[in-house]
């Protein structure tokens, strides 16, 4: 079984064929589930740790510091040490908390992130779900997470948590609109909601470049709304530590807190991955129309590397936002959405439709 | 459908309620152990009741048992960010009571030190202001620059924060030979960094949205509540004692009293930012002209104040600081009272934050620049 | 002229008359003297820039009481609470005379006869 | 129409101020060699405190293990916190006279506020401020120190009390 860095279709196909031949259909399906599930779990855990480390180092560099330096070479093992610490911590529950919902909330948050990650195309053949409504599915499952946040805030029986959860609810419900509309702009342009089609459509140039101004506007709006969607600064009202100590997860400790923490970073990854896929061509290498030599040089770099380069690029920009800007106030966050992003988005869709109709694109 | 409507508009079942939140004593944005009982309606602040005294250290009582030079090391610990000014207030009060004229050199050194301390305090305030508004990076940039001032303090005074540098009759040591060069280096360095502060925070659209028109404190209220310092000057209350009752070398320098009439959080922010420029210019005027001479006059080994009452006011980074000493002719004061700026400023918070959001409360508290040991004493 | 009228008249002269107008209360301190308590007001006029010190003695040292000035200068409300807290001077007509720093039932630590054997070490 | 133009302008102005802010942080991100962090235990060898730094009170001893403290107690009087205690003892001098000299100069570091008043007040210059700042100990009693070294004697040229 040859291993191809450029196309994983053969690998996944071979595994599938091998399983179907070796086991009964039911067993084969179950085993496939287990393998895919384990792969995603591993990926999420490791990538979450990596992102936490990256965030600390990036933030340190913005602030002229060094960041974690003690555990491992350049502090590489710091997040693992932190994770072990979180695992061993006592799980504390407020006496008057709603036991069932309090325990349920972190799982809802993290399950929502897991559901969303399923449709992300990492490389050709490395995607577990390839619907024809992929983008639609993604926007709908990613908004399930807010239920977890609301539950966490309400059930902990803490006023700070409740305020944080309410802020988060208002914020995510509003920004869901902007995320969807900016993606809708690109759907109009791409003509499909299926991730594989969208990526394939960017073979000759990323949508960010081929879609003229509307796609650039959509990209900026998506970045802003996506940052808000992940509850990160400058939109981190739900856990604004200078106002609400820790917002909705004030009362959580140990592994349950780790779930919230991990979910935040996985959401960051999802938003960046969607941005990379829809606007920056996913795993597709950088191609410019007729520059054959350049295009071939770009093809040498494996798609998986392309994908992660783009994802990290977007993640870096979102981190840059967080470590530069002050936090918005709750009414300003809604003003920004309803008075600025929404009208811009609506006009943007019109423009995009006009461009698509007149075929005024590359 | 009609049922749903009934439920939705039935005011009994949809009653809103006020609720109380204890912000503090352990809260990230109260800058110490201050507890505020905040009455909220949703996010809106209805009433704030500050509860203080968590780190009351009884300095006024302690002062009654110790001698005058020893008082100074306690005033360090009240408003630790304005330690020099607090010390100077006590030193000046004792000197005035004894009618001692300090050498010119002492006056210059004290003034430069005051302004350096004011800069350090405003830098820390700036970082914390950014942090309270959620821009964490400002904290590190501010502390980075503050470090240079603290190094200057450490080299000359021997300590970074609780310097205890002033004594009745002069200062504890002469300035270090490197002092002038270091201060000049710092002034040139900081002049390049201050515009960066503006780019990062002052000009930022989010920051302006968060501060403009928030926390209005009218001139009449500022006077009635006794809000002094930059917070009062942002309401148009001209109260800079460096201008009105100049002490030390302040009569010799030219500087502007920064007054703003916009009365809001942004005005308080900008007054402090402009004051940093004024402080730099005061230092520049003095640093090259420090006259030769003694760094202290010889005082008696046991300082006894004549019977009577003495009051001295100085301008610290937070506002007007007063020392009121009642002496009965012994070597210990009969009664010492400190008028601390933070105490009066704190209680105007309720007036300013009423009707705003919780996030604004944090921003307003930040611009008041409270130091809790200063309030509790 | 009764005492109240006198007070009102004097305070009116203080705060609003053109050549006095003491509108800014700098400091309000209480001092414990052997026979009486004294409350000292440091006043300044913002427009005219002159300063005045006003002293009021109480009749009694054990349970001293004087009228509040918090209706004239709002900041006095809190300064008076501090004086009450530390010296036990009662302020008549004060709207919110509670202890400020210490808990209820604590003595008045700034009085000269205050004894606290645990926390105060005599040298 | 005017308000519409203002609306558009405000968007671009807002974005511009945000970009300026990002420029500042970005500048520091891409110049990591300008980082200001000092890694403390690692740089212990290179770490030199300023000569006036007040870390603790020490008593100066010369090479013959002699100090210049005559036990006058002025430092004890001048200390605001009572962190200095002087215990003196009587000895018989060579010519048969009784003389009080210092036995132990006890210094409670845990109570000291490092205000420098004792050093300033000392008439014979026996005390000084040390630069050591690593005072952490497991037991509080270790913070009570005896400043005159064991077997040390008073230097000859010091004025008697």
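Should a chain be cited, it is by its letter among A, B, C and D, assigned in written order, with residues numbered from 1 in that chain.
The working rule: a contact is a pair of C-beta atoms (placed from the backbone, for glycine too) under 8 Å apart; a residue touches a chain by one contact, two chains touch by 3 or more.
These numbers come from a predicted model, not from an experiment.
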Farthest chain relative to subunit D (centres taken as mean CA coordinates): A
Centre-most chain [mean C-alpha coordinates]: B
Distance between the centres, which are taken as Cα means, of subunit C and subunit B, whole angstrom: 24
Between subunit A and subunit B, centroid-to-centroid distance (C-alpha), Å: 44
Centroid distance [mean C-alpha coordinates] between subunit D and subunit A, Å: 51
Residues within subunit B bordering two or more other chains: 137, 144, 200-201, 204, 206
For subunit D, residues that touch 2 or more chains besides their own: 18, 21, 24-25, 36
Touching two or more other chains - residues of subunit A: 62-65, 323-325
Pairwise chain contacts under the document criterion: A-B, A-D, B-C, B-D
Subunit D contact footprint on subunit B (complex, rising order): 66, 69-70, 72-74, 77, 137, 144, 147, 151, 154-159, 162, 164, 167, 172-173, 176, 196, 199-201, 203-206, 301
List of subunit D residues in touch with subunit A within their complex: 11, 18, 21-22, 24-26, 28-29, 32, 34-37, 39
Residues of subunit C that touch subunit B when the two form their complex: 23-27, 29, 31-32, 40, 42, 46, 49, 53, 73-75, 77-79, 82, 86, 100-102, 109-110, 120, 122-123
Subunit B residues touching subunit A - in the complex, by the definition given at the top: 19, 21, 27-29, 43, 130-137, 139-141, 144, 200-201, 204, 206-207, 209-210, 357-360, 362
Touching residues (chain side subunit D, partner subunit B) in the complex: 13-14, 17-18, 20-21, 23-25, 36, 49-50, 52-54, 78, 80, 113-117, 120-121, 129
